[in-house]
Structures are given as C-alpha cells and as structure tokens.
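Just below sit the structures, each encoded as structure tokens.
There are two complexes below, and they share chain A, which is joined by chain B in the first and by chain C in the second.
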Partner chain A sequence: MTLQSVELIRKRVAERPAELAEARTNGQKVVGWQGYNLPEELIYALGLIPVRIGAGGDDRLVEIGARYISTKNCVYVRETVGLFAENKDPIVQNTDFLAFDATCLQTYRTAEILEYYFNKEVVVLGVPRNFYWPEAQVYFTKEVEHFTGRLEELSGARLDHDKLAETIELYNRIRGAIVEIYEYQAERERLISWEETYDIIHAGYVLDRKEYLRMLEGTLRELQEAQGRPAPEEEDEARIFISGSVIPPGDKKLIHIINAVGGRIVGDDLWSGLIPYLDVHIGENTVEGVALAYINRTPHGALPYLELETDKRIKRLKELVKNYKAHGVIYHTLRYCDPYSFKAKETKDVLAAEGIPLLEIHTEYSGSDYEAIRTRIEAFVEMLKIRNFETLRN
Partner chain B sequence: MAINQDLFHYPEAAKELFIRTEDITFRDGTRVSAEEIWEFLTKEAPVRFPHAFDNGRYNRNRISGDIALPYSLKDEYLSLTFNDRMLKAKQKGIPVAFVQGGQCVDPYYAAGAIALRPASVNQWAACQREGVTFTQAQVLREDDKERASQSISFEVCNTAGYEYIQEGSLPVDMIAPYSCLRCSDVSYSLEAHRHGKRQDVKLFLGDFPMADQKNKEWAVEYFAENIKRLIRSIDELTGRETTEEDLRKEIILHNEGRRLSREIAELWWAPDTPPTNGKDRRAILQMGGMEVHGDPEASLCVLREGKRFIEERVRKGVKGHGLIDKPARIFLCGSCVFPSDYRIEEGGGVIVGTDNHWSNISTLVEETGDPYYNLAKATLSYPYEQNVYERAKWTAEQIRKSRADGVLFMYNWGCNTQSAMARMLCDEIKKLVNVPTLIIEHEFQASQSEQLLNRVSAFVEML
Partner chain C sequence: MSKVTAFAGVDVGSLGTKTVIMAEGEIIGSAIIRTGINTEENGWNGLNAALENAGLTRDDLAYVVATGYGRISAPYANKTVTEITCHAKGAHYIHPQTKTIIDMGGQDCKAIRLDDDGNVADFAMNDKCAAGTGRFLEVMANVFKVSLDELGPLSLSATEVLPVSSTCTVFAESETVSLLARGEKPENIIVGIHHAISKRVGGMFSRVGVQNDVFFSGGVAKNVGMRKALEEALQIKIVEPRKDPQLAGAIGAAVIAESAWKRGR
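== the complex of A and B ==
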C-alpha cells in the first residue's frame, strides 16, 4: 500500500510546472541543471530555482535528439537534446538558463548542443579527472568560484554567506532524510518500496527544496508510525542491487522487468539514485567548502581512477551491497555509455571475488529488447533464489 | 593454396636518384644511409612485410608509388622498421609510453621516453608479424581488436593499446595519454589497464581541463602541474631527473618540426594541382607532430629534406602522383579517420588538409619563460579542443588557406565525442565558408568497404 506522503509528493510534482511558470512571471529565474559534481546549493543560495533536467525511456525523443547530437551517443543525452528540440516538456519550457558540469563528456557536449541549436544560455563547470590530486582540488575550487560568479551575473544577485549557510543546512537535512528513507525501503517489512523511494528522489529534482524537506520528513514520520506492521508473506528470495548507468525519471523498463519476474530491488549506487546524497561533508559554509565536499564524494564512473584497490566507487558499491543485504547486482549499461560499459567486466570480476553475482544488462530505450532482457533477468532471479534456498538448506 | 597478391615493387630505375639523398640521423646518434634504406625497401622489407606492399584498391595505406619523392620512401622505411627500432631502444633501457593522438609529445621526450600514439602502437604490433599478406594482417588485427573488446567493451573505439600491452606482446612501460575532449575512450581504456594482467605498466592521466580552458589561468596552472607530474613519473622509470632546461630544449626541437610542417602546408596548398598525392601530403605534414615515427630527430631529418623537395616541385609545377589536373579539394574533419586517398584521387579529388593531427602541429609553444606553463598554455589552446564556434572558426581558416571545395567529417563507430560534434561543426562551417559538407561514420580498418568509398566518391563527383 502506497504511503499517503508518497501520494502527496507525486501530486505536488504534477502541480510543479504551473508553479514554476508563475514564479517566472513574478521575476524569479529557473535554472535547469545536469551533472554530478555541480553543487545545487549554490544555485539555490542565489535565489534561483534549481530543477534537475533530463529524462529517459522515450524512444521518440531519442530519435529527435539524435538529429542534433548523434546515434553514437547514449540515449540519455539524446533524449535530453530531444526534450529541448521538441520543447513541450513543461519543466524544460520553464528554464531560463542551464548549468552543466563536465563530469560526463557526453553531457558536456550536450550543453554545447543546447546552446548552439536552441539558443540556451549554458553555464559550464569544469571537473578534473585526476580529482584526488590536491592540485585538482584547487582547480575545481576555482572552477566552482568562477561558476558562482557566472550565476551571480545571470541572477543579478550576490552570494550571501548567511544564505549559503542556511542552504547548506537545508540540503544536509534533505540528504540525511533520503538516506534514512533508503534504509526503510530495504527492510524486510516493505513499508516503502525502492520504486517509491526512487520516485521520491526524482521529485526532489523539481520541487521547491523547503517543501521537499517537509515532505521527506512527513514520509519518515509515516514510516516510523507504520513500524511493527506485520511483514508481507512473500519472502525476500532475490534482493537485487542496481549499479551502472543512469536510470532517469521515465525509464522504467528494467525496473518493471525485475519486479515482473519476482526480483526485489533493495538499493542502488546510481547517479540518478542514492549515490549523490552520500558522503557530502561540507566542512566550511563557503564556496570552497562546498566545492571540496562535492569533489571528495564517491566519484562518478566518468572520472577515471587508476588504482583498483583504492577506488572509492568500488569500495562504496561493495559496502552498499552488503548494507542492503543484496543477493546479486544487476549492472545496467546504456548503449554508448562508455564510463559504465567499460567497467562492466571489471566490476563483475571484483564482485565475483566477494561471492556476489552480477548480471550486465546493456540496453537503450526502445522496447525491442524487452523480452530478451526479461529472459536474462528471469534466469538471474531464479539463480539467486536457488542459491538462497541451497544456502538455507545447508 | 597460394594467394596471388598484387605487390608493389620499387623500380630499379629510381635507385640512382634516391641513394644520392640524405641519411636519416636518429635520436641516439646513429645513422642510416639512403642506400641502406633502398636495400631494405627493395630486398628485406618485401619478404618480411608483404602486407605493406599490397597494391590492391582496398588497401588505403598502400605504398604511394611516387618514387621520385625520397621522403615518401623514408617514411615507409621508418614505418616498417618500427619493431626493430623500438626493440633496440628497449634494450638500451628507454621507456615507451602510450599517448593520445593529436597531442604534443615534447615532455615525454624531454624526460627520455618514447611517446607512441595509438596508430604507432598498431604499426609496431603489425611489424611484429612477418610474412603475412594484407588480408591475413587484417584478420589478425580484427582478432586483436576482439581481445580488447572482450576485456573492455564491444563499444570501445580507442583501446589505449590494451590488446597489445595487456593481452599481447608489446613491452610498453607506461600508458600516459592526455584526456583531451577529442576522445573520451582513451581515458576509460587507460583505466581498464588497472585490471589487466600486466600490473607493472605505469598508468598516468594527463588531465586536460575543459570549458574555456585556455582563458583560465587556474586551468593552465593545473595542466602545467600535470606535465610536471608526468615528467616526474617518467623520471621514476629512467632514474634520472629531467630539468626545465631539458624541456625547453625539447620544445625548441619540436617547434622546428611544427614550423616546418606549417611552411610545407603553405607551399603544398598554393598550386591548383598539389605537388604530391594525398598520402604523401599526410605523411609529411604529420611528421611535424614529431611522434609518428617514435623518433623526433629522424622525423625532423626527413621533414627538412622533404620541404626542399616540395619547394622544388611547386617551383617547377610538378603534379602529384596519380592526381588529375585541378582536382576537387576536400578538407577532412574528425579524429582517427583516414578515407582512402587513392580512391578519392581516382574519382578526381584530393584531400588537402585535416583538422586532427594539425591542430596540435599548427600550435607553436613559447620558447622563453617557464616551459611547463608555456607548454600547458599551448596545449590548452589547441583549436580542435575548443568550443564549436572557435573550432569552426579555425577550421574555416584552414579551409580557406587550403582552398578546399568541400568538407568531409568522419568519425569512427563508437566515438562519442566527435560524433556528437559532427553536425554542429559542419553547420557552423557552412555558415562561415559556405562549402558543402558530408558526415560519414567509419569503421576503423585498413581496408575500406565499397559502401563507404561509394559515398565518398559521390561527394567528390558532386564537388
């Protein structure tokens, strides 16, 4: 049964475009952003309205986007371009300007294309690839300062220290609430599902952040009240963790298939899921403090790291799989998503050494591979169930 | 069953002129005379490397046939002795580093290493297989590529030499490319080496910052730091300490190559019918990058002599081998792409320039002051790595200078970043110079499909 607070969040997401349009009429500016290392706090602290843009699952928009970018780019960036080319999405329509970071190079190119073909003002934040070097952190700090300066020019406002401190506090509470809700979704009682949690995260892409925090706290209260409710009869025989390429709002193919064949998703380390909310430790309430916190998070797969043994991304993946008691990992890769596709075999080997099975699903947004994927996932889920049965029996 | 191959032979009649040309002097001070080169190309090489002498229409790398152009023969010699020369260098303890194509290699050589781009690594591997035909060489290359695909991803375009360094036989010591925007695969493939069999290979990423990088002082300083760390990393392999003066000297040497290439390009572009065919144009202009032969001094020798021959040909109005009068002139855009020059020339066209492997060559490095900073500033200024407006503006300038009639943008299957740029760049170029453009996806092979060649031929015909 869906929680009332989740129903309310979904309702408010549907109402949000009209609010954005009204806010713009009242002189506020809306910033559409995309990236991984881009600190949304800075947009918000300047009195701008941040909305995270990008969607998935619509093959028609992918085709439209490919006319401007190319068929050799991942479907996520093609669909992003398609959204702007078609210009019917109410969130996209309500953006005044855009902010992108250079974490993923295809996203970086997307920014250029949106500027070139659709006359969008785009502010781009450079991101170092040797992100763990002290010199890279200096570079990134200066990039974030420069980025802030550009936002100030476009907003006509100056970044206020108190406002930034207040924003950091707000965002820290949002992050904390999301992590807490994630713990609930993995519980045996199934008070909330991973799919609902995922929708909650995506709601945060567009909702007003103060209201969003209130709603997250409402969800947590509801979850606390529901504790002690009897667990459902169905067993958790195939607890699945999802890793790999982005699964943005609208891309439900993989999720539907896992559910349809009896798997239960209990966690993820996706760019569009939990991972951006983890490990953000802002030491000082300054632009530099924010920059360092972002670049020191679990890195995105697009940032190469040259030592397998000390790779924070791999380490975090293993911790999360363990924390959410997953039996296996489905590693989702989008066609031409090189940052994650190139790591599939390595990740499989690393997890195999820990006794964790991994299935790679390489796909895009067309429905033509639905049954092929379903067959593979069904076999994987069956295998996990048999493994669990044998473990219990022995 | 014996396979009949149409093999190229250097005619004896060309010997006399050729052996009177200059020796090649190598970085280690050794020399090879023109006579020795002739002996190698006419006796030893056809036996060891029959694939290179294949004269078939589908071999886009076939020997030029312009036997009166000594640098063309010397370039073949340097290509076909790749394995011999690299093994000799390895025996002397010189480390070999894999680098990105289209980047400068001054710091690698300053630190005493040899820098090889992907094409050079492939050439080295090809020279390890002796006695194979062109078709056999193609099949073996496909097998190599398949090994990399199995280990990394079937969508990989640039594998950072994985199939040879991790799965094969090339004794490369270091994978140390720049992460320029021209290619994203090379960074991810570099990372893939961390799970390869050879854990002794040193990994280093020259982090090329993006987003208006050349105008940001902090980006230049950051990249300068990358160059310093790169040199220190090579020093760990050589056991020596590279000084600022070593780097400055290397910059001066490489600037000479870059300058010579620019001057040769101006000469080559001037006549209505160019003085050489497309393959020989590419060969000499790319030498200015000082990395194509794995020996900057050897490249420089050939480049200096080559300039004199080009000057003479232009002065005398000599027409390039195999060209028609006033061919349709094509400017080629995109990374790691080489349509068959010969097929274009059969159709009445000629490739007059490229943006790739020209952007870096045409960028000189300031020779006085802090060499790290200067090199970083120049590298971040490569026109190929700028936003679409700046890249198109520079490309349009090259199109004007080379007097191209049309633009062909090609990208390899799996190349995310250049494919993403293709339409946008062509649209902007059309605005600036109003020339027709064609975008083609390309499969990275020495033999090329009839389908691809048909499309290129139709474009040439239209021009």
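== the complex of A and C ==
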C-alpha cells in the first residue's frame, strides 16, 4: 500500500509547473540544470529556483531531438533536446536559463545544441577528467567560482555567506533523509518500495526544496510509525541492484520488466538515483568548500578509471550492493552511452571476483527489444533464485 | 497397470516446437514439429504428439513446463521458465560434465556457462542479428537449393574455405549469389559461411568464458559443418551428445517440471 506522504509528493509534483509559472510572474527566475557535478546549492543560495531537467522513455521525443543532435548521441540527451525542440513540457517551458556541466561530453554537447538552435542562455561548468590530482581540485574550484559569477550576472544577485550556509544545511538534511528512506526500501518489511523511493527522488528535481525536505521528513515519520508490520516470506526473492546509465523520470521499461519477472529492486548507484546524495561532505560553507565536496564524491562513469582496484566508483558500487543485500546487479547501458557501455565488462569482472553476478542490458527507448530484454532478465532472476535456493538448502 | 506420473517440457521456438515427456527421470516420449503461426496451438500440438509417442494421455501429466519464445502463451503449462535455464538443465541432464553451452536456435544464439550443479552461472545472448541462427542457415540453404539438413554434410566435402565476409542475412545472400555466379563450388562457399558465423558469434562466447566440456544445443547443433567450424574457430572440442541436441531445452523444461512437482510448486 502506498504511503500517504508518497501520494502527497506525487500530487505536489503535478501542481508544481503552475507554481513555477506564478513565481516567474512575480519576478523569480527558474534555472533548468543537468549534470552530475553541478552544485545545485549555489543556484538555490542565489535566490534562483533550480529544476533538474531531462526525461527518458519517449521515443517520439528522441526522434524530434535527433533533428538537431546526432543520432550517435545517447537517447537520453536526444530526448532532452527533443523536450526543448517540442517545447511542450511544462517544466522546460518555465525555465529562464540553463546550467549544464561537462562531466559527460554528451551533456556538454546538449548545452551547445540548446544554445545554438534554441537561443537558450546556458551556463556551463567545466569538469576535470581526473579528480584525484591536486591540480584538478584547483581547476574545478576555479570553474565553480566562475560558474557562480555567471549565475550572479544572470540573476542580478550576489552570493550571501549566510544564505549559502543555510542552503548547505537544508541540502545536507535532504541528502540525509533520502539516504534514510533508501535504507527502508531495502528492508524485508517492504514499507516502501524502491520504485516509490525513486519517484520521491525525482520529485526533488522540481519541488521547492524546503517543502521537499518537509515531505521527506513526513515520509520518514510515516515509515517509523509503520515499523513492526509482519515481513513477507523471504523465500523466492531475487534482490536486484541497478547500475549503469541514467534512468530518468519517464523511463520505466527496465523497471517494469524486472518487476514483471519477479525481481525486486533494492538499490542503485544511478546518477538519477541515490549516488548524487552520497558522500557530500562540505567542510567550509564557501564556494570552494562546495566545489571540493562535489569533486570528492563518487565519480560519474564518464570519468576514467585510474586504478581499477582503488577506483572510488567501483568501490562504492561493491559497498552498496552489500549494504542493500543485493543478490545481483543489472547493469543498464543506453545505446551510445559510451561512458557506461565501455566499462561494462570490467565492472562485471570486478564484481564476479566478489561472487556478485552482473547482467548487462543494452537498450534504448523504443519498445522493440522488450521481449528480448525480458528473456534475459527473467533468466537472470531465475539464476539468482536458484542460487538462493541452493544456498538456503546447503 | 499402475498409473504413470509423467512430466512434460514444451519448448516453443521460432522454427520448431520441441516436446519431451519424462517419468522417473527418463525420457519416455518426444516430438519435434514445425512451429506455425498460432503459438498456443503449437504448444498443444507438440504436447499431443509427444504424449502419443510416449503412449500416454494428458491425464498422465502431473506437471508441464513451457519454455522458448512461445512460453508467454502457454495455458497448458503449470509454469514457464526461460530457455536459458532450461537449456542449462537439459544439457546437464544429457552430459553432466557440461560447463559451457553453445545454443543456436531458430532466431537467436546464446552462450551459457554452468556451475558444477548444472545451474546457470553466466550467459550472453544474441538476438539482434540473424548470424548463427537457424533462420540464417535456412535462407542460405534456399540459395543453394538444398535442404537445411544437407548444408552440414555438403560443407565437409569442401576443398577450400572461401571467405564470406557478411553475416547479415541480406548481404550474405547476395555475396553467396555473386560467388556462385563466379563459378565457385557450393561446398566451398558453405564452409565459408559456417566459418563466418563462428567468427561472428565467437566474441560473444568468449565473453562468458568458454570452459570444457562444451555442449552444442539447438536445431543448428545438428549441422556437422557448423559444429566443425565452431571447434576450429573457438579451439574447442564439442562433446558428442547422447540425445538429440535440439531437444535440450524441452528436456530441461521436463526436468524442472519434475522437480517443481516434487517441491509442490
């Protein structure tokens, strides 16, 4: 049964575009942003309204986007361009300007396309390829400072230290609440599902951040009260962790298939899921403090491995799989998403060494591969269930 | 006469519907029929043909498992299981030392690695292109105006391997027509086609890690030429099956039917 707080969150998401339109008539500016290393705190602290943009699962929008961006770009960025080309999405319609980062060169390219074809004002944040060098930290800090300066110019506001400190506190509490809800979704009691948690995360892309925090805390209260409900039988469970390319709002294919064949999703390290909320430790309440905290998080797949054994992303993936007691990983790669597709094999090998099976699913937004994917995932779920059965028996 | 408790595995593939009837762990009947357009009807027909072969009726069946692409429309089955799991069980039943299965069916091909208990440890599947499928070879057989069964023996009489670069059905067909027009011997072209397929699917097989013993299943496994080409391309030895390798999926389904029935589910 869906929690009341989750239903309320969904209702508020539906009401949000009208609120954004009203805020704009009252002189507020809305910033549509996309990028893994872009510190949203800075947009918010300047009194701007941040909305994270990007959607998936709509082949029609991908086709429209492909009139402007190469068909050799991933479907996610093609659909993002399609959103702007069609200009019917109520969130996209309500953006005053855009902010993108260059973590993945395909999102960077999207920024160029949106500027070139749609005359959008886009602030771009540069991102180093290797995060571990001191020079990279200096470079990124300078980039974030420059980025903040551009936002100040466009908003006509100056970044205020107290407002930044207050924002950091707000965002830290949001991150903490999300991580806590994630713990609940993986529990045997199933008080909340991963799918609901995922929707909650996506709600945070558009809702007012203070209201969002209140709603997350409401969800946590409801979860605490519901505790003690008898847990369902554990037998026959295939607990699945999802990794790989982004699964943005609207892209439900993989999730539907996993559910349809009896798998249970218990965690993810997706850019559109949990990973951006983990390991953000802001030391000083300054632009530099924010920049350093972002650069020290788990890196995005678009950034190269430096040493496979010590790579933070792989290390975090292993930790999360264990934390959420997943039996196997479904590694989702979108067509032409080179960052994640190229790393599938080595990720599989590293996990195999730990006894964690990985299934790569390579797909795009059309439905033509539905049955083929279904067979693979169903076989993977069967494999995990048989393993569990044998483990329990021995 | 005491009543037989029988189990059936029905594998509705894109080209053939394979059915196996088992009792007390032994195969007591089987049937392979051509798959028609009505998926559900194929399953029923296969089941009836195999029951007749076993001398049993539907009342003797305790549990039925359906597999293959037609499993999604199988009201006659108690349970459906993917062909990947079924091929693993079937190959393990036929040859318990199997560690790797190369399965070439009507519309896809797979590589499956097994653990010591015959359970799936890893798999890879190609269903995006026709290379390595029965359908591809069927088209090629048409070009040579021979039956599918004749392709393999013909290729064994080749005197040289003619390189065929395409594994796309359409391009390979036109390449073959050009080679024939040039006066090349059919058997040399056919062996070239088998080699081209082996190379094409070789990458997929190495991704799951080919380990001995290797079992070749699916309809294409009956093609001796394909088998030889795979052995050469992958530097492996394929085991001699003691049962029809095309029945592997259906056998696995029947094995699963029996154990599911015993576990009461």
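Assume the second predicted complex is superposed on the first by the 390 of 394 C-alpha atoms of A that agree within 3 Å, B and C clash if a C-alpha of one lies under 4 Å from a C-alpha of the other, contacts with A are read in each partner's own complex, and residues count from 1 in each chain.
By our rule, a contact is a pair of C-beta atoms (placed from the backbone, for glycine too) under 8 Å apart; a residue touches a chain by one contact, two chains touch by 3 or more.
No experiment lies behind these values; they were computed from the predicted model shown.
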item	value
Three-chain arrangement built on chain A, chain B and chain C clash or fit	fit
First, second, both or neither for A:117, with chain B first and chain C second	first
First, second, both or neither for A:102, with chain B first and chain C second	first
Superposed model, chain A: greater residue contact from chain B or chain C	B
First, second, both or neither for A:278, with chain B first and chain C second	neither
Which superposed partner A:379 touches (first chain B, second chain C, both, neither)	second
Chain C, chain A and chain B - angle at the middle CA centre, rounded to the nearest 10 degrees	70
Which superposed partner A:23 touches (first chain B, second chain C, both, neither)	neither
Touched partner set for A:342, first chain B, second chain C, both or neither	first
Which superposed partner A:139 touches (first chain B, second chain C, both, neither)	first
Smallest separation of CA atoms, chain C relative to chain B, angstrom	6
Chain B and chain C contact sites that coincide on chain A, given as residue numbers	345
Complex contacts: residues of chain C adjacent to chain A	69, 72, 81-85, 117, 119-123, 125, 127-128, 207
Residue ranges of chain A touching chain B (in the complex, touch as defined)	67-74, 77, 102, 105-106, 108-110, 112-113, 116-117, 124-126, 128-130, 133, 135-136, 138-139, 142-143, 146, 304-308, 335-336, 338-339, 341-346, 349
Of chain A, residues touching chain C in the complex	345, 357, 371-372, 375-376, 378-379, 382-383, 386-387, 390
Residues on chain B engaged by chain A in the complex (per definition of touch)	150-153, 155-156, 179, 181, 184-185, 187-192, 194-195, 203-205, 207-213, 216, 218-219, 221-222, 225-226, 229, 387-388, 411, 413-417, 419-424, 427-428, 441
